[in-house]
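Each structure below is given as structure tokens.
What follows is chain A paired twice: with chain B in the first complex and chain C in the second.
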Partner chain A sequence: MRLELHNLNVCTHTGEALVKNLSLTVESGSVLALVGGSGSGKSLTCSALFDVLPRNLMYSCERKLNGENITGQALRGRHMASIMQNPSSAFNPVQTMMHHCQETLSAVGIKDQSVIAQAMLDAGLDDWKTVLALYPFQMSGGMLQRMMLALALMSQAPILIADEPTTDLDLVVQRHILNRLKKVIKKRQLALMIVTHDFAVVAQLADRVTIMHRGEIVENTSVEQLFVQPQHSVSQQLLTAHLALYPEETHD
Partner chain B sequence: MTDNAFLQLKHVGKTYGGSSFWQFKAGKQVLSDINLSICSQQSIALVGASGSGKSTLCRLMLGLEPASHGEIYHNGKAFRDFARDDWQAYRRDVQLVFQDSIAAVNPRQRIQQVLCEPLQYLRGLSASQCVREAARLLDKVELPASSLEKKAGQLSGGQLQRICIARALAAKPKLIALDESLSGLDVLLQQQIIALLQDIQQQDGTSMLLVTHDLRLVDKLCQQVVVLDDGQLVEQRPAKSSELWSSKMGRELSEAILPARPPIRNPLEQSYVTETEECEALV
Partner chain C sequence: MKLTLSASIGLTVFVMLLIVALLAPWIAPYDPSAINLPQRLAPVSLDHWLGTDHLGRDVFSRLVMASTLSLGAAFATLVLMLVIGVGLGGLAGYAGGRTEQVIMRTCDVFMTFPTVVLALFMVAILGTGLTNVIIAIAITHWAWYARLTRSLVLSIRHSDYLKAAKLSGVPVWVRFHRHIMPTVLVQLLVLASLDIGHVMLHVSGLSFLGLGVQSPTPEWGVMINDARQFIWSSPLLVIWPGLAILLSVLSFNLMGDALRDKLDPNLEHEG
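Showing the complex of A and B:
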């Protein structure tokens, strides 16, 4: 499975360009990290990929799935599932997890209920029977984020888009979720695009990295290359700031 | 020790809910038996996982909520014995910077109003002095003077966080409490704000109370770390110590820090997989 996004341009109705000429490729079994400072257009790119940008923004792009043109609407759900940033506001507070699961399954037209258990086990919710009966407010942020991953897996979509999946969680939970994601990608041979501004997450998870700055791609390399030899000044700044967080011995 | 302690907590606990006039009900104990003292010009970090009570402890120390048990002393005087004037003085001495800067500033106010309010009410400056002082504060947080005329809604999250710090500095506090103020910012902004806070510490001798779950930030700003686990103070130690953490929560938090660099991938990926398994077993 190979998803390509070509020449994405997003602008406001006053003509201010927010994302310029952006192209990227996501492939099965590999992880692409989309990195950049705040306001660099990372999340806009995700929304454009799903065709869910706010109405007041205009955009043009070309999406290709395995080489064939496809619309955002056709991609959504069936081929591509998303994991959002804020788990506590992404669920309907008056519905149980079971309801959320059934809603997802009926939306993508899967009748087989056994996928629920399988997806929840893969997402690290071992006690899935109990969890299904819970309401969102009865669950912790980490549990909800795992549930969100389970819902994404349940739809059997081969491509996952994760927009800052661990920014709101504490580091202990973050580590757990990232390990889970890593395992699941390997097991199911999924394609993952992860949006983040945390280089530690990039180092842990990604194979390829795309760095954005002010709506443009400034660098596109492999993870190893980025940490050894960042080319563009923006990547160098981000990397230096990241390494400065660690005590001296991790510097070279 | 007692005399020069800026803040001293003795057996402090906090229970939310509980018995009311009509019924007897057990409340939820969020903090229990906390003993801690902060000397002036000393910075301290409160760390713990989510739900460990670190934000609550911060609120208690700032006097935003009363403690249910025990007593907090400021320069040797108990909060319980504070008169109105004492509270007024104390509230000027301690300032809080919140996590969500966008929600902490009124989006319709101009930055000048945001900064002049504390100057006028807490420092009692005249209008012209206020404007001059506001410009100086902006300069201190490295924002252009033109931002004074902007509305809060026109600034980005990182700029607003610096406005919040400037607003806290306006009162010339002795202690600034940062409740997760650095999490959620991107690395570049985080680095800028840490540098700014370090400057403030050195120039004005302001103490910091840093509430965080990220141990990487701790030794940048603080001399002491206090680890909370489920409402209990489980460990207190110097921030730059290289010793192993003695508490379980301390270990968990230090292991949760992701490695700085990508793992070295050999073709078999053997060594790496076992390391991941190990971490997961510990989490």
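Showing the complex of A and C:
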């Protein structure tokens, strides 16, 4: 499975360009990290991929799934699932997890109920039977984020888009979720595009890294190259800023 | 579920009214239109529990038969208002942009007119009759429902869980009926239950003015109008239908209050 996004341009109706000529590729079994500071257009890129940009923005792009043109709407659910950054508000507060599962399954036309258990186990919800009966307010942020991962997995979409999936969580839960994500991608041979500004996440998960700055791709490299030899000044700045957080680790 | 005193009174009266309205033909002891001139303006007695009116018709029978019409008209108006209000309000909230502007400004226009004045105007165009009164009241009231629906739809429309549903490929009508309607309907139910009393007052009021139900047909507003000429000699004739209107509107309002206390998440629950 190979998803390509070509020549994405997003601008406001006043003509201000927010994303310029962006192209990227996500492939099964590999993780692409989209990195950049706030306002660099990462989230806009994700929204454009799903064709859910705010209506006051204009954009143009070409999406190709395995070489064939496809619309954003056709991608949603069936080919591409999303993991959002705010687990606590991404669930309908008056519906149980079971309702959410059924909604997801019926949206993509899966009748087989056994995928629920599988996906939830893969997402690290071992006690899945209990969890299915819970309402969002009865669950912690970490559990909800796992549930979101489970929902994405049970739709059987081969491509996952995770927009800052760990920003709302504490470090321990972050680590758990990232480990899960890593394992499940290997196990199910999924493609993952992860949007983040956290280099720790990049280092742990990513195979390839795309650095964005002011709506443009400034560097496209492997994760090793990025940490050893960042080319662009923006990448260097981001990396320096990140390493400054861990002074004792930078000595060797 | 524990009910407060006012809620139980409201509910009891409402259920009784409903039973009376549904079983009216079997409860009424006399034909409500049977004229019996020798017995005219008879006082309260065992034969005529609430006396007779100026044409000798049994007031109790007329009161009972009128309940069907009054309640039915109120409910029909409510349904019509809900359909128009939810339809247009939902459209405005969901479509946004110019559609929303047009619908909401139309709402504003309708809300500036006092109900009775606009209803009088509508009846003048459409002609008198119960159906026209129902249409007139619905047309003057829908704007409130449209506004509430729009604001509720707006608040949910931008929620993350709706976005998540969209990203999972859930079709638009499923999103609407699964995530938006349940919340909207609960709030509308509260508004409607608080409003039904007003609607009933308007139906009876317009009939009293001779614009709705016409004279031989038993209706509370019509009965008050008929009895108006005899208010000094037989004041009870005005009081009975007035009391019926008072009781039913009161029960609706008590029930609406109770429903709001139960269902409105913005109110703090006591106890």
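Throughout what follows, the second predicted complex is superposed on the first by the 249 of 252 C-alpha atoms of A that agree within 3 Å, B and C clash if a C-alpha of one lies under 4 Å from a C-alpha of the other, contacts with A are read in each partner's own complex, and residues count from 1 in each chain.
Quick note on the criterion: a residue touches a chain if its C-beta (ideal position, glycine included) is under 8 Å from a C-beta of that chain, and two chains touch if they have at least 3 such contacts.
It should be emphasised that the depicted structure is a prediction, and the values quoted were computed from it without experimental measurement.
After alignment on the shared chain A, the placement of chain B and chain C results in a side-by-side fit free of clashes. In the superposition on chain A, A:A200 makes contact with chain B only, while chain C stays out of contact range. Of the two partner chains, chain C is the only one that A:A107 touches; chain B does not reach it.
In the superposition on chain A, contact of A:A90 is made with chain C only, not with chain B. With both complexes superposed, B is the one of chain B and chain C in contact with more chain A residues. In the superposed model, A:H13 lies in contact with neither chain B nor chain C. In the superposed model, A:A241 makes contact with chain B only, not with chain C.
Contacts of A:R76 after superposition on the shared chain: chain C is touched, whereas chain B is not. Once chain A of one complex is fitted onto chain A of the other, the partner contacts of A:L171 are limited to chain B, with no touch recorded for chain C. In the superposed model, the angle subtended at the C-alpha centre of chain A by the C-alpha centres of chain B and chain C comes to 80 degrees, rounded to the nearest 10.
Minimum Cα separation between chain B and chain C in the superposed model: 8 Å. Taken together, the two complexes place no residue of chain A in contact with both chain B and chain C. Here chain A touches chain C in the complex through residues 50, 52, 55, 73, 76-78, 81-82, 84, 86, 89-94, 103-104, 106-108, 148, 151, 155, going by the rule given at the top. Remark: chain B residues 49-51, 156-158, 184-191, 213-217, 219, 252-253, 255-263, 265, 276, 279-280, 283 touch chain A in the complex. Chain C makes touch with chain A in their complex at residues 96-97, 159-161, 163-171, 174, 178-179, 182-183.
Per the touch definition, chain A reaches chain B in the complex via residues 37-39, 140-141, 167-176, 178-179, 182, 197-204, 206, 223-224, 227, 237-238, 241-247, 250.
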